[in-house]
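First subunit A sits with subunit B, and in the next complex the same chain sits with subunit C.
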Partner chain A sequence: MVLIILLVFIYPLIAVIRNSFYSGSISNLSFIGTANYVNLLRDEVFVHAILNNIKLLLTVPITTAISLSAALILYENIRGWKLYRVILFLPYIIPAAVVGLSFSYLLQGNGILNTALRNLHLNFAALDWIGSTTLSIYSIGAVIIWSQFGFGVVVLTASLLSLPTEVSEAALVDGATRWQRQRFVIIPQIKETVQFLMVLQAITALAWVFPYIYTITKGGPANSSMVMDLYIWQYGFSLGAVGMASAAAVYLLLLSGVLIFIYSRMRKRQSDI
Partner chain B sequence: MRKLFGSTYRHAFLIILSLASVYPVWFIFQTSLKTNKEYLLNPLALPLHPVLSNFKETFTSFPVAHWALNSVIIAIFSVAGAMFIALLASYAMVFSKMRGVNFLLSTNIALMVIPPVTLVIPMFMLMVNLHLINTLPSVIIFYIGLFVPFSVFFLTNFMKSVPYELIEAAKIDGLTPFAILRRIVVPLSSAALFTLMLVNIIYAWNELLIALVFLQQQESRTLMSGLSLFQGRYSINQPLVMAGAFVSVLPILLMYIFGQRFFVKGMMAGIGK
Partner chain C sequence: MINGFKGKSKARVVTTAAITAAALVATIGLGTSTSSAAFKSADVNTGKLVYWFWGESDIPGSTAWMQAAIKKYQALHKGLTIELVPQNSDTLQGAFETTAQSKSGPDIAMQWATLPVLTPVWRGQVSSLKGLVAPSEMANWLNTSENVSGGESWAMPLYLLGQPFVWNKALFKKAGLNPDKGPTTWKEFLADCAALKKAGITPVVMGDKDGFFGSWFQGTIGTQNLNSVKELQEVYAGKAKFTDSKYSDYLTKLAELKAKGYINNDVTSIDLTQGWQAFAQKKGAMTWTTDGNVATWIKAGMGADLGVQSVPKVGTGKLASFYTATQSISAYITSWSKNKQAAANFLVWLHQPENVKSWYTATGSFPADKRFSATLIKDPVMKALYKLNTLPNQLWAQNYAPPQVDSQGLQPAAQGVLAGTSTAKQAAAAIQKAIDAWRTQQPKDLAAYKKWAGV
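After this line comes the complex of A and B, so read on.
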């Protein structure tokens, strides 16, 4: 285990930090200090990419709210819960690239959604979802919510089912309403899972949206839906600017680090209480 | 009366969510059965004259069968490798009572949240130097590394619930640590192991960025990276692209449907509270 971790995590992390201080191609690197970091912050496209990733973080609370509501309803053994469960887990197994492909056909200017809206004579609502510079990143956010909420339902359902039922039953005997039981009895018991899930989703929104963007907009139109991982890929592999791409990767690492720091502080404060 | 209203509400929520979950998948399937001409005239409704010609063309236009084989090989070897390493490591961490286990486990969580995209460039350069680029092992090694942290997290969570007395009793009976693992821990963990396998296979099958970058020759591609070629070449023949998409999700879909019963049970074991 130690070997594979060294090979796949530790070595690349060291190399990416080292490369971020160099410029040139893979075979011919020269040391340029922190110039890459400075240039990145001067690059409008990169700054825009960071802002887009931060916008995509908005999907985290929405996704979690949907997953949690669905999991809580399923937990009550509502009629047909078995079928619902099979269906609601479905988006989780569909590959992001396939999700992106099909949604690009659903959402494009003359796509399925707009055709349906026009058939319903709702022409004003038939917007250019992925072809407009202002809308595209939000449309991608919606696609990410679709694709991620199933995972939340899976994890939260599993977490709910492994709770002891006595506590909730005791609350029922004490005359607590459904809302009170959920709010004060059930949710506090799965709080840690919810937080953990949110961290995973936040990391996805920050650093793992490449397959969606690559298949839906390729970062366009006019770089309006550029995100950090697409930027790293473009500079590293299409343009061969290893140093710039590495410095962008370090920025991304720092951002994820901030997230993890907040999360661990939250965990610590809870365990102190 | 109020109860009835409440449950209608919740059913409505689940039904809308279910329709939203199913429709994009259904759209892929129904579109793949239309000719391009029918799709242009009738993008929304069911195919009036379903045809299989798109599937035939999928397999003849690109080496799709070969890509599928690559995806299968990569999934099998990366998941088997990662789970073998993770099983031994988790077993050692949970039952051997060695020092520094907590430190290892928190390091493990930190590894889980490192964005893979930050590791891609150094790993690419490494694989170029090892002459492994465009070969399946390059991707298999990378995936093994990426799967190990989550697998260790999942398995240690589960193994903590295995009563320690059971292990001690087996020790007193003279079983070697390896025999305890094979004859007691593995059989007890079958649901958790199965679910973990499914989760990892889904990841391996669906991953796009690494597959796209590391396997660039026509013959070495995976289904996911191949599919992105479809999108480029057949931008005016969407039913054909959807046929390719359907072919690429079908194996995962079948596995999910048949494994459904164990899936939630295994998730409970591995994620728990």
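After this line comes the complex of A and C, so read on.
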């Protein structure tokens, strides 16, 4: 088991850290110390990529809020709730590349969405969703929310269904309104699931957005939707600059590590209480 | 003498004749094998070859042709299997770099000529064609100079690719312009754009989501103030600054197109191919394209509406009179291939006259081989393109930019201008930064580049 862990996790990690101190292609490396780390921080595109990843973290509270709202509605046993849950889950099971390609056509300057808006005489709303340097990253964020929130609904619904009904029923007997029951009785009971879901979504926003970005904007226009994992791919695989890609991967790892650390601290504080 | 001959024994004469005949046969056999390494011995052409092929984006129908050619070649060499793996434009360089890291993958791969080919050459990922293909055979191939480094040729050209400036005659007529005369200067170009816009027609239609148009615009417009290829190489080698107006003036022209609304408003949200589809759908009057697309449009019945020429003259340098053409994609044999001679033999076979002819018949694209007979070209538009492609002065400037500078500098900088968020000056500075970054991050590639360019 230890050998497998060493082989699968530790060795690649060490290799990435080692390569981050070299320049050149993998077959022709030269040691350059910490130059890659310094160069990355001086590279506006990389800094912009980090900022974009942070912007995409905004999708986490939004996705969670939408997922939670939908899960609570379904929890109220509305008619056909199982069917609705399946429908809401569908976007999550569609491969990200397919989602990306579909939305790339939908969101083009003269794509389906804008054509529909213009036909409705809403020309002011027909923006260049993926061709504008200011909008592209937010458009991708919206696609990620659309694609991911079904997963949140399923996870939270499962958590809600596992709750004992007595507490909620007692609140009902005490005259609590639906909002009060949800806010003060139900949500606190699934707090840990919500937190776990948020950490998963945050990691997705940091390190798993490549297929969306690649298929919708390719990181453009003018690197405006560049994110860290696309940056790593470009340098590591497209350009063969393994050192730069490895150093960027180490930064990404550190950023993910910070998130996991925060989550662990939160868990610890809760268990202490 | 006669008597003397008579005096020799009959047996001796027979022996001498037999030895002479044997020597002749041996000489002929040896001559055959050295004059064409392609057909050195039958047993070489066995085993399996993996061929990473790219061509469809340039030349629609090329993949189908190659599949048929492989089938034919396999029938000639029963012991040989060739697996064709079509590649995408987006991942062409990345996929090869990835596979090269593990020194496994294709026996034959393809990259665009010059820097995209020479970069893996300098990284030791490609086999020289020296010793694999006879010089007499290579002498028939066109534009091989694009892939020469260290005095050796490293890749095989398949077809010629020109980048014509194309206009739609019907839309020109609709705008009150002379349909048979394309703009030859920037002033004329802008005047045509103004007339087209006034008539409610989008003057230029392109797609730049994938960034290629930025490189193309630099290659066709941005080199016109330069006097030599060396001047172009100097800027990448660090001997000149891209922010110098002789290099970056084209970005001002691009910004002008954007500011005046002479280019389609969705240029940054559609890719190159979608831009050409829009041209074919008459959503714009002018475009930059390739021979292959023109051939496809002719097949689709658009021939009478197409005008083709070189791009309008903008600069005053010697390169302003160069036409943008290249051998485009080039096939090379990987350094790790276990079957190099079989791979070389297949590449040589692709250039045999019957295949050269069949390529043109099937795709309408011009083979990069002297043995191709131009009399086969019947269409007047294609004749005009062939004339352009075979002009003595040709340059595909994008091929001289290190791939990292192209993808991290030339392409995003132009996107910024087309999206309206960067000025020409900011874009030029961004390209200079990309050049500086490449020079810092890839010192070995830089050294190889300088050596190759002689700067």
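By definition in this document, the second predicted complex is superposed on the first by the 268 of 273 C-alpha atoms of A that agree within 3 Å, B and C clash if a C-alpha of one lies under 4 Å from a C-alpha of the other, contacts with A are read in each partner's own complex, and residues count from 1 in each chain.
We adopt the following convention: a residue touches a chain if its C-beta (ideal position, glycine included) is under 8 Å from a C-beta of that chain, and two chains touch if they have at least 3 such contacts.
Treat the numbers as computed from the prediction; the structure is a model and nothing was measured.
Peer 1: Check whether A:37 is in contact with subunit B, with subunit C, with both or with neither, and answer first, second, both or neither.
Peer 2: In the superposed model, A:37 contacts neither subunit B nor subunit C.
Peer 1: Which partner does A:237 reach: the first (subunit B), the second (subunit C), both, or neither?
Peer 2: both
Peer 1: Which partner, subunit B or subunit C, touches the larger number of subunit A residues?
Peer 2: Larger number of subunit A residues touched: B.
Peer 1: Which partner does A:207 reach: the first (subunit B), the second (subunit C), both, or neither?
Peer 2: first
Peer 1: Regarding the shared-chain residue A:138, is it in contact with subunit B (first), subunit C (second), both, or neither?
Peer 2: neither
Peer 1: Looking at the overlay, what does A:45 touch: subunit B (first), subunit C (second), both, or neither?
Peer 2: A:45 sits against subunit C, while subunit B stays out of touch.
Peer 1: I'd like to check the shared interface: which positions of subunit A are touched by both subunit B and subunit C across the two complexes?
Peer 2: The answer is residues 26, 233, 237, 242 of subunit A.
Peer 1: Sort out for me which residues of subunit A touch subunit B in the complex.
Peer 2: 1, 4-5, 7-9, 11-13, 15-16, 19, 26, 66, 69-70, 73-74, 76, 78-80, 84-99, 101-106, 112, 115-116, 119, 146, 150, 154-155, 157-159, 161-163, 178, 189-190, 192-193, 199-200, 203, 206-208, 210-211, 214-215, 228-229, 232-233, 236-237, 242, 245-246, 249-250, 252-253, 256, 259-260
Peer 1: Could you please specify the touching residues of subunit A with respect to subunit C in the complex?
Peer 2: By the definition above, subunit A touches subunit C via 23-28, 30, 35-36, 39, 43-45, 107-111, 128-134, 217-218, 220-224, 233-234, 237-244.
Peer 1: Could you pull out which subunit B residues touch subunit A in their complex?
Peer 2: 6-7, 10-11, 13-14, 17-18, 20-22, 24-25, 27-28, 31, 43-44, 85-86, 88-89, 110-126, 128, 141-142, 144-146, 148-149, 152, 202, 205-206, 208-209, 212-213, 224, 227-228, 231, 238, 241-242, 245, 248-249, 252-253, 256-257, 260, 263-264, 267-268, 270-273
Peer 1: Taking the touch rule as given, give the residues of subunit C at its contact with subunit A in the complex, in rising order.
Peer 2: 90-91, 93-95, 97-98, 100-101, 103, 119, 123-125, 208-211, 264-270, 274, 403-404, 407-408, 412-413, 415-416, 418-419, 421-422, 433, 437, 440-445
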